[in-house]
Every structure is written in structure tokens, then in C-alpha cells.
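One chain, subunit A, appears in both complexes that follow, with subunit B as partner in the first and subunit C in the second.
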Partner chain A sequence: MLFTDPVFIFAFLPISLVLFHLARRYRSGKFAIWFLLVASAFFYGYWSVKYLALLLSQILINYLFAQQLGRSQSKRLLWLAIGVNLLLLGYFKYRNFFLENLSILTGWQFHLAALFVPLGISFHTFQQITYLTDVADGEEDVPPLPQYILFVMFFPQLIAGPIVLHREMGRQLASLAENRLLHGNSFGPGFTVFCFGLFKKVCLADNLANFVDTTFQWPLHLQFLEAWFAAVGYALQLYFDFSGYSDMAVGLGLMFGFLLPFNFNTPFAATSMTEYWKRWHITMTRFFTMYCYSPMALAAHRVVDQRNITGVRMFALCIAAPTVITFLASGLWHGAGWTFIVFGLVNGVGLLINHAWREAKMPRLPGVVAWFLTMITILVTLVYFRSESLAQAHAILKSMFLPGQIALPLWADGIASRVGLPVTFFEVFQAANFTAHYVCLLLLFAPLAILLPNPAMQPNIVRPSVTTALVMAPMLWLTLGWLGEPRTFLYFQF
Partner chain B sequence: MSEWSRFFLIRLPLAVFTVGLVVQGTAALLAGVTLHRHNVDDLANAVMHDGHRYSVVLLGDSVTHNVAHEYRIGDVDEVADLTTHAFAGLPSSLFLLKRYLESGHRPQHVVLAASRGVYVDPMYKPMFNYYVGSVFKLPFEREFLRTHYSGYMNYGWRPAALSMTTNLGEPLLSLIRRPGNDIWRAPETPSLNPTLEGFPNDVSTYDQEAVNNRVKAPAVVRPEVKAILREFCELSHRYGFSLHIIWPPIEPHLQAAWKLTGKMQSITEQLAEIFKSNQTAVSIDDVVDQQEYPNFDRDLIHIRGRGWEQRYANQLTAYIHEFKKGKQQMAFAN
Partner chain C sequence: MSELTRAEIQSDLQEIFRRIFNNEDLVLSDSTTSAEIPGWDSLQQIKIILACEKKLNIRLRARDINALENMGEMIDHLIAAVNKASRK
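Let's look at the complex of A and B:
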């Protein structure tokens, strides 16, 4: 079930909200937890009952691991538990990618059955790995089973994050078991944040999708202008899509009385790659920083201290290697393909340059220049992210940066002759009204992406004022009008 | 009552209602504005107001439209160009012709120059309302669409605020863009001996996958198209024009593949059967039988290059003159 599905909005959500609060009021907190479990299972099982069984099995196995880890805090057992989770993830998500590449390397032939990736497997697998690690480190206790299952399966965050740490949810769930909601008066802000998220997804991201999809249909034939519009359009579409989803998740959480972490903080306002990754998909960055980068960097620092390594070698060991490895892993987490690995690599290299610049105490760049360079790097990474193959990505990047000639479409010959540019055939921009529509959307949406703060960051500052009502009213009309034709969320495939 | 209760019970509903009411009122004020969002809108209006006495009506999809929009087909004031494109499809051709005839125009010939795909492919649903449903709203048109197009939705009952783009944005923009009440007249006369562009150096004009996809596509004339063709026959009888079907140029690889599978012949035969059963004399001709067109866009449908476009324009003109001289064989006589 999608958050934009009318069945979800007009049936599942109101029914589950009413029943949840009734359960809490007239029965008990524990009963409300069981109710939320059933609702979440229905939410996931609505898509596939088979994979609901898989998810529940994974959760139960991890719960057993957690109980053992809570007793022994054995590192071996932790690695075994992480290995089991990664194997599961690998089997469902990376099997074909691995076999394809093995086939290329060895010449062996494999039968590649079509992959059907369980919804949100990357998200809930990582969420459980963080929990197991925290238990092994003695930082988290093992909660009762229903609370653990709900920690993983709570439907607002089940299929596309945010990646929640147990320390964020554990106390809230324990409190609910005692029939107290730590954020019990947040229905209003939650509803508002949910509506903003829905608006972003349905009215902004999906409106751009038609244009972006058309552009990416012709990756090998794009002219200079088309290629840039493709990259910028996709960046905006992905942002509104995923941040809209994340806002909805936070809003839903609040409606049930749970505070989930926010995922976005106007990332396109970032003036460095470091800042960008602190603002984009924040819970994923946090996961990779805490559970991948930091342990590696810590180990590297120990080696550096023991062997007295300094200068460039120290930079390479303590910063460059952990950064690049972390981003390669992050790229691979996003998808089973070389485009995703290169996406991670380019991000890693971008961050390295950022770190090196700072380490070398180079002069600080003017804000506009820094922003521009950051955005160019981001656009390059997102071209890899969106393209179906490296060849396609390289063709688009070539059109963007080495276009040969810069020309205007045939219909713009009047402008072209005035500005002294040639005209040529444009695959995507062959029609003036299509192009004008696309340009208008980008001009309208880009400032929104850069300037508007994410409502999920501080939901409690939303006031039930007349202004809020007047802002929300047209948004609700627009959203309802567009709701009939929602597309799937881009991040569901990860 | 808490602030949030007041918000949900009073402020927000009141704001939603007010915005809805304002939009409804504005939409009512703009309801009389003739839409000019695209050329189908322009044509839907122009066919009822144009004062020229064209003896031939040209209908068709974008292959023909791209050419006729740029280069004059026939002599001056001879051909009314009512071509559209596949998103507007054959329903737009039928409705435009019907409006044209019912406005008092009496052409002697109607030429339908649309690609085979228009007859056998389903219409593209996301664009259907934009190019057909929201353009053609006369009683006959609505009834026809309701009967034959399952995806057709009459959004007339919905509050205007649910379609602000359609009810506010598009009429307001249409007030700015006013193309006039005449049917578009191509600005250029095609050269009789145009310079024909060579193949581009890259291989981009030929895409085997696109050929395969088109070859695999079904070749059964769709039921709704049959209904449209029956309407054409009926109009032909009532208004006394003769109907001519022309297959526009087609990419040679695709043509060869389609010929091999027998699909080209099959579509022609299915159309012939419809006209025969409706006792209507129609000629069906393929321009590629006369001259080859090797230069196409990557979609293998649209002709590429001004020279080739002019060649097609000249060929259409020649055909029309043959019809008028009565030289053309009518395939299915009464």
C-alpha cells in the first residue's frame, strides 16, 4: 500500500488511527501495540503476504540473536547475525548482479531468474543491524517481542525509512506499553506535516516525473540543454519524492504519537559535499557514519598512532579510505548495479576533495561558488543514480559537459538567430509547449527546494492558525485533484 | 475546545470551503473562455468559424501534421488542414470533421492520412483527457466517448478546485494566447524539387528494438476505431463527400518487417471490410509504394528533414489532384 493510495488515505489510515486510540483508551497500551502490529502487518501484507512471512521470520531470527547478544555481547555472534542479515539482503537484492559479474569474469553461464525484491528490505535490514550492534555494545536492552516487532514493522517507517535507531523508538514503545504516549498531543502537527509531504509527492514530484521520464528515455541523444534539464529535473523530482515520503512518515508517526527522525534539511542549500550529506537522507548518512565510517576511521587512527604515520598517508588511511569505502557501500545499498557504485564513488571523491581542501587549509570559497560546485557534483552523481547503465550516464554527462555545440531547438530559430546560436533537432524539446512547461516547472520548483524548510524537522512549531489553514486549503484541493494518478515512490526500489 | 480542535473543526474546513468557493466562482467566470492550450483546441474552435471554402479536408496524425503545418498541401485555399496527432487520435479527427460539416462547410473530399498505429494501438491514457476529453464536449462527442472509450471520464461534476489547472490556469493562459478563428494555413509552398537530406552519420535513426516493438504490436483494428470509421461512412453519405485513406510514409526497415508478417495487408483488409459493410466508396493508398522515405526520426514514424517533408507534401498534393480529377480508383463502390 502506498501512502498516496486513496485506499490508504481514506480507509486504512483513518480506521487504524481511530482503532489505535480507542484501543489505548479503552483497553491498554499493550493492546494498542498489538493492534499497531496487526495494522502494520496488514499494510505490508497488502502488497505481498509471502514477503510478510519473510519479514516476520527475519525479525524473529534477529530477536533471538538479540537475546543471545544481550547475554553474551559476543562479537563473533554479532558478525554471524550481521552476516545472516546481509546474506538475506544479498540473496534478494544482489543475487543477479553478483552472478552477472561473475559470469563476465569467469565466462560461466548462470540462469538468472527475475528478481523480486521484498519491499523496503534494505531499510528494515539496516535498522535491525543497527539494533544488533547496539545490543552487542551493551547500549540497548532487549525489549519484549511485540515492542521489537513494532520497532521494525511500524508501518510509517517500514518500507522507505527513515532508518530509526532503537534508542529513538525503544523508550516511546516502552512508554506506550504503559499506556503513555510521549508525543501524544501531536496529531495536529502530524496531520499538517503529512499533508505537506503528500503535496510534495503528488503535486511536485509526480508533475516533474512526466518530463524527467521523457528526457531519460533518450539518454544517448540529448542535446546540451536537454541533458542539463534532465539532470536538474531528476534532482528535484527525487528530492520532492523522497522528502515528501519522509515528511509523510514523520507526520504519520506523530498522528500515532511517535516522533520519528527527519530525513531532509533543505539539502540543495548545501555549500559543500559534507554539508550536503548532513542534509540529504540524514538517517542513512547517520547509519553509514556510525556503523561503517566511524569503526573504520577509528581502526585506522589506531594504526596511525601505533606506527606514527603522518601527512598524506595519514589522510589516506584515516579519511580517504573510510570515506570512499563507506560511499561505495552506500552506493551499493541503493541498488544492485554499477551505476549505483559509481554514484557512491563520485560522492566519495567529492567528499574527499572537500576534506582535503579543508585539511590543506585552502581559502574558503565564496558561498555562491561553493554552492555551485556542490550542486554540479550532486547533479553528476544523480545522473549515475538515474541512468540504467554507465554508458547512458556517460552519454548524458558528455552532453552536459562536452556537448560539441550548443544549439537551440528548431522552433526557437528566432531566438537562436538573435543570440547567434545554431538550431538543431531536439529529441525531447521538439515541441515548444512541452519545453515551456518543463522550464516553468523547474523555475517554480527549484526555489521551493532550495528555500523551503522541511516541515518534518520541527513539526511542533506548526501552529493551528488561520494562516496554516489558508496555506493548507489550496494544497489539499490540489493534492486531492492529482491524487488519482500517483506514481510509485522512487525510493521503494532501494 | 483546544486550538487544534478549533483548527480541525472550524478553521481548516472554513479555509477549504472558501478556497473551493473562490475557485468555483472564478472558474464560472472563465467558463466561456475558448481554450487554446494546443492545436487541437485551436482546431476545435476554428472548424466552426473558418469562412474559407475548402474543397478538401485533410485529417491525420502527426506524421502528416508535421508536414501540413509547415508546407501547403494542394493549391491555395484548396485543403483545410485538420490534422492532429496520436494523442488526440481518430476521435479528434471524427469530431473535427463533424463540427466542420455541421457548421455549413461542404468539402467534396476528405483525406485521412494517419499511420497504421492510430488504427490498432490503444490511445495513450494519460493524455486522453488533455487532448480529447477536455476539448470535445458537445453532446454527441460526450456520448460517443462515453460509449466507446472505457477510460473516458466526464469531470463536469467535480468541484472546480479539484482541477485548478484545467479550470483556472488553462483558461487564463488561453486569454493570453489567442490564435484567431481560422484554420491554420501553412506558411510555405513546398519546393517541387526539394533537396533531400542524406542519412545522418550516426546510427541513431535506426533502432532495431523500436522496429521489433512495432512489429510485435497487434494489428487488429480496435473496436472504437471501427465505430469511428462507421461514423465517417455515415457522414460521407449524409454530406456527400468521398473518403480517401492514405498510409503516410513509413521507415523502410519497419515497412519490410510489417510486410513480412502480413500485418500491413491485414490492416488494409480490415478497413476495407468496414467500409464495404457500410456501403461506402473509399480509396486506400500507400504513398510508400510510390517513393521511398528513408529519413526518419528515431521513433521510426516521423519523417526527418525538410526535403523529405516537402516530398511528402508534394505527394499528398498530387494525390488530392488525382482524386479531384476522378482518376483515383475507388476501392469499394456502392
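Let's look at the complex of A and C:
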């Protein structure tokens, strides 16, 4: 069930909200937890009952691991638990990719059945790995089973995050068990943030989707302008799609009295790659920083310190290796394909240049130049992210950076003669109205991506007021008008 | 080591931060967060951890520092680490 599906908005959500609050009022907090569990199971099972059973089995196995880890804090058991989770993820998500590449390397033939990746498996697997690690470190206790299941399955964050740490949800769930909601008076702000996210998804992201899909269908035929519009269009679509989803998740959490972490902080305003990754998919960056990059980088720094290694070798060991490995892992986490690995690699190299510049104490670049270079790098990474193959990505990048000629479409010959550019046949921009529509959307949405705040960052400052009503009413009116056939969220594939 | 006061740790931290962020005017308070210090990223954080380890003769875990909300929590964490090290 999608958050944008009318069945979700007009049936599942209001019914589950009313029943949840009735359960708390007339029964108990523990009963409300069971109710939320059933609602979350229905939400996931609505998509696939078979994979609901898989999800529940994974949760139960992890709960057993957590109990043992809580008692023994054994590192060996922790590695076993992490291994089981990664094996499960590998089997369902990376099996075909691994076999395809093994086949290329060895010449062996494998029968590859179509993969059907369980929804949200990357998100809830990582969420559970963080929990198991924290239990093994003695940082987190093992809660009662229903609270643990709800920590993983709470439907607002089940499919595509935010990736919640147990320390963020554990206290809220324990409090609910005693029939107290720590964020109980947040329905208004939650509803507002949810509507804001819905607007971003339905009115902004989905409006760009058709244009972006069309441009990416013609990678070998894109002219210079088409290729740049494809890249910028996709960056905006992905941002509004995923930040819209994340706002909806935070908003839904608040409507039920839970505060979830936010995922976006206007990333396209970043003036460096480091800053960009502090603003984009924040909970995933946090996961990779805490559980992958920092332990590796700290260990490398200690070795370098003990052995007095300096200069380029120090940079390679302490900065380059942890950064590139972390971003390769992050790329692979997004999807089983070389495009995602290169996406991670380009991001890693971008960050390395960023670090090297600072370590060499080079002068700070003017803000506009730094922003421009950051955005160019981001667009390159996202071309890989969106493309179905490296060949497709390279064809688009070639049109962007090494065009044979810079021309205008035939229908713009008047403008072309005035600005002194040649005209040629454009596959995608062959119709003036299609192009004008696309250009208008980009000109309108690009400033919005930079200027619109992410309300999920501080939802509790949203208060009922005339201003809030005047902003929200037209947004809701537009959103409901466009609701129609829901388009899936781009991050659901991960 | 166990007699180090909160003020002394805060002063040590301030010196470390000024050196790492190359900013002699930097003033830390309990409520200071990473977002308020320009240039604070995961790499600078590793340098902060190593500098604290050397200065206070303790061993820290990167993840514990990642999870702290502000400087006050960091000072509390360092005091606990110093006390733990002095008991060994």
C-alpha cells in the first residue's frame, strides 16, 4: 500500500488512527501496541502475504539473537547474526547480480530466475543490524517482543525508512506500553508535515516523472540540452519523491504520537560533497558513518599514528580507503548493479577531493563556485543512479560533457538565428509544447528544491494559524486534484 | 586522572577543537552541537576522538561519540571514560 494511494489516505490511515487512540483510551498501551502491530502487518501484507511471513521470521530470529547477545555480548555471535542478515539480504537482492558476474568471469552458465525483492528489505535489515550491534555493545536492552516487532515494523518507516535507531524508538515504545505517548499532542503538526510530503510527491515529483522517463528512454539520441535537462529533472524528481516520502513518514509517526528522525535538510543548497551527504538521506548516512566509516577510519588512524606514517600513505590509509569503501558499500546497498557501484565510487572520489582540498589547506572557493562544482558532481552521480546500464549512463554523460555540437531544436530556429546556434532534429524535444512544459517545471521546481524548508526537521514548530491554513489549503487542493493513479516511490526499489 | 574536573575537560576539549578546526576564537558550551561548528564532519570527528584519547589517556569508541547530541554529553562521556580507565 502506498502512502499516496487513496485506499491508504481515506481508509487505512483514518481507521487505524481512530482505532489506535480508542485502544489506548479504553484498553491499554500494551493493547495499542498489539493493534499497531496488526495494522503494520496488514499494511505490509497488503502487498505480499508471503513476504510478510519472511519479514516476521527475520524479526523473530533477530530477537533470539538479541536475547543471546544481551546475555553474552559475544562478538562472535554478533558477527554470526550480522552474517545471517546479510545472507538473507544477499539472497533476495544480490543473487542474480553475483551469479551474472560469476558467469562473466568463469564462463559458467546459471539459470537466473527473475528476482522479486521483498519490499523494504534493505531498510529493515540495516535497522536490525544497528540494533544487534548496540545490544552486543551493551548500549541497548532487549525490550519485550511486541515492542521489538513494532520497532522494526511500525508502518510509517517500514518500507523506505527513515532508518531508526533503537535508542530513538525504544523509549517511545516503552512509554506507550505504560499508555503514555511522549509526543502525544502532535497530531496537527504531523498532519501538516504529512500533507506537505504528499504535495511534494504528487504535485512535484510525479509531475516531473513522465518527462524524466521520456528523456532516459533515449540515451543514445540525447542532444546536449536534452541530456542536461534529463539529469537536472531526475535530480529534482528523486529529491521531491524521497523527501516527500520521508516527510510523510515523519508526519504519520507524529499522528500516532511517535517522533521519527528526519532524512533531508535542503541538500541541493550544499556547497561541498561533505555537506551534501550531511543533508541527503541523513539516516542512511548516519548508519554508514556509525557502523562502517568511523570504526574503519579510527582503526586506520591509530595504526598510522603508531607507525608514524605520513603524507600520501597516511591520506590513502586514513581518508581514501575508509571513504571509498563506505561509499562503494552505500552504492551497493542501493541496488545490485554496476551503475550503483559507480554511483558510490563517484561520490567517494568527490568526497576525497573535498577532504584533500581541506587537508592541503587550499583557499576556500567562492560559495557560488563551490555550489556549482558540488551540483555538477551530484548530477553525474545521479545519472549513474538512474541509468539502467553503464553504457546508458556514459551515453548521457557524453552528451552532457562532450557534445558533438550545441544546437537548438528545429522549431526554435528563430531563437537559434538570433543567438547564433545551429538547429538540428531533437528526439525528445521535437515538440515545442513538451519542451516548454518541461522547462517551466524545472524553472519552477529547482528554486523550490533549494528554498523550501524540510518541515520534518522541526515538525513541532508547525502551529495552527491563518498563515499555515493559507499555505496548506491550496497545496492540499492541488494535491487532491492530482491524486489519481498513484506512482510508486522511487526508493521502494531499494 | 580521576580527579579531572568537568571544567578541566571542557578546557582540554576547547583546546583540541581550536587546533583541529584552526579557529582560535572557538568557544564551546554544553549546548554546542556539531551543526554549529563549520567544517565538522566524520573525518574531523575521528581527529577529535584521537586527540581526546591522547590527551586523557583513554580509549573511545567512534560509535559512542557519533551518538552524542551536544558538547555537554561529550564531556559527560569523557568523564565516564576517564573514570573507567582510572579504575582499571
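In the analysis below, the second predicted complex is superposed on the first by the 494 of 494 C-alpha atoms of A that agree within 3 Å, B and C clash if a C-alpha of one lies under 4 Å from a C-alpha of the other, contacts with A are read in each partner's own complex, and residues count from 1 in each chain.
Note that in this section a residue touches a chain if its C-beta (ideal position, glycine included) is under 8 Å from a C-beta of that chain, and two chains touch if they have at least 3 such contacts.
Please read all numbers here as calculations on a predicted model, not as lab measurements.
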Check: In the superposed arrangement, which partner chain does A:H221 touch: subunit B (first), subunit C (second), both, or neither?
Finding: first
Next item on the list: Return first, second, both or neither, reflecting whether A:A469 touches subunit B, subunit C, both chains, or no partner chain.
Entry: first
Checklist line | subunit B versus subunit C as contact partner of A:N433, first or second or both or neither | finding: first
Note to self: Taking the superposition on A as described, I'd like to know which of subunit B and subunit C A:H355 touches: first, second, both or neither.
What the structure shows: second
Next item on the list: Check the residue A:D213 against both partner chains and state whether it touches subunit B (first), subunit C (second), both, or neither.
Entry: neither
Checklist line | Touched partner set for A:A297, first subunit B, second subunit C, both or neither | finding: second
Notebook entry, point to check: Which partner does A:T274 reach: the first (subunit B), the second (subunit C), both, or neither?
Noted result: second
Item checked: Where subunit A meets both subunit C and subunit B, residue numbers -> none
Check: What part of subunit C is in contact with subunit A in the complex they form?
Finding: 39, 41-43, 45-47, 49-50, 61-67
Next item on the list: Please name which positions on subunit B make contact with subunit A in the complex.
Entry: 3-4, 6-8, 11-12, 14-16, 18-20, 23, 37-38, 126, 159, 161-165, 204, 297-298, 304
Item checked: Complex contacts: residues of subunit A adjacent to subunit C -> 133, 137, 139, 165, 167, 274, 278, 286, 289-291, 293-295, 297-298, 301-302, 305, 318-319, 355, 358
Checklist line | Residues of subunit A defined as touching subunit B within the complex | finding: 185, 187-188, 191, 210, 218, 220-221, 425, 427, 433, 463-466, 468-470, 472-474, 476-478, 480-481, 485
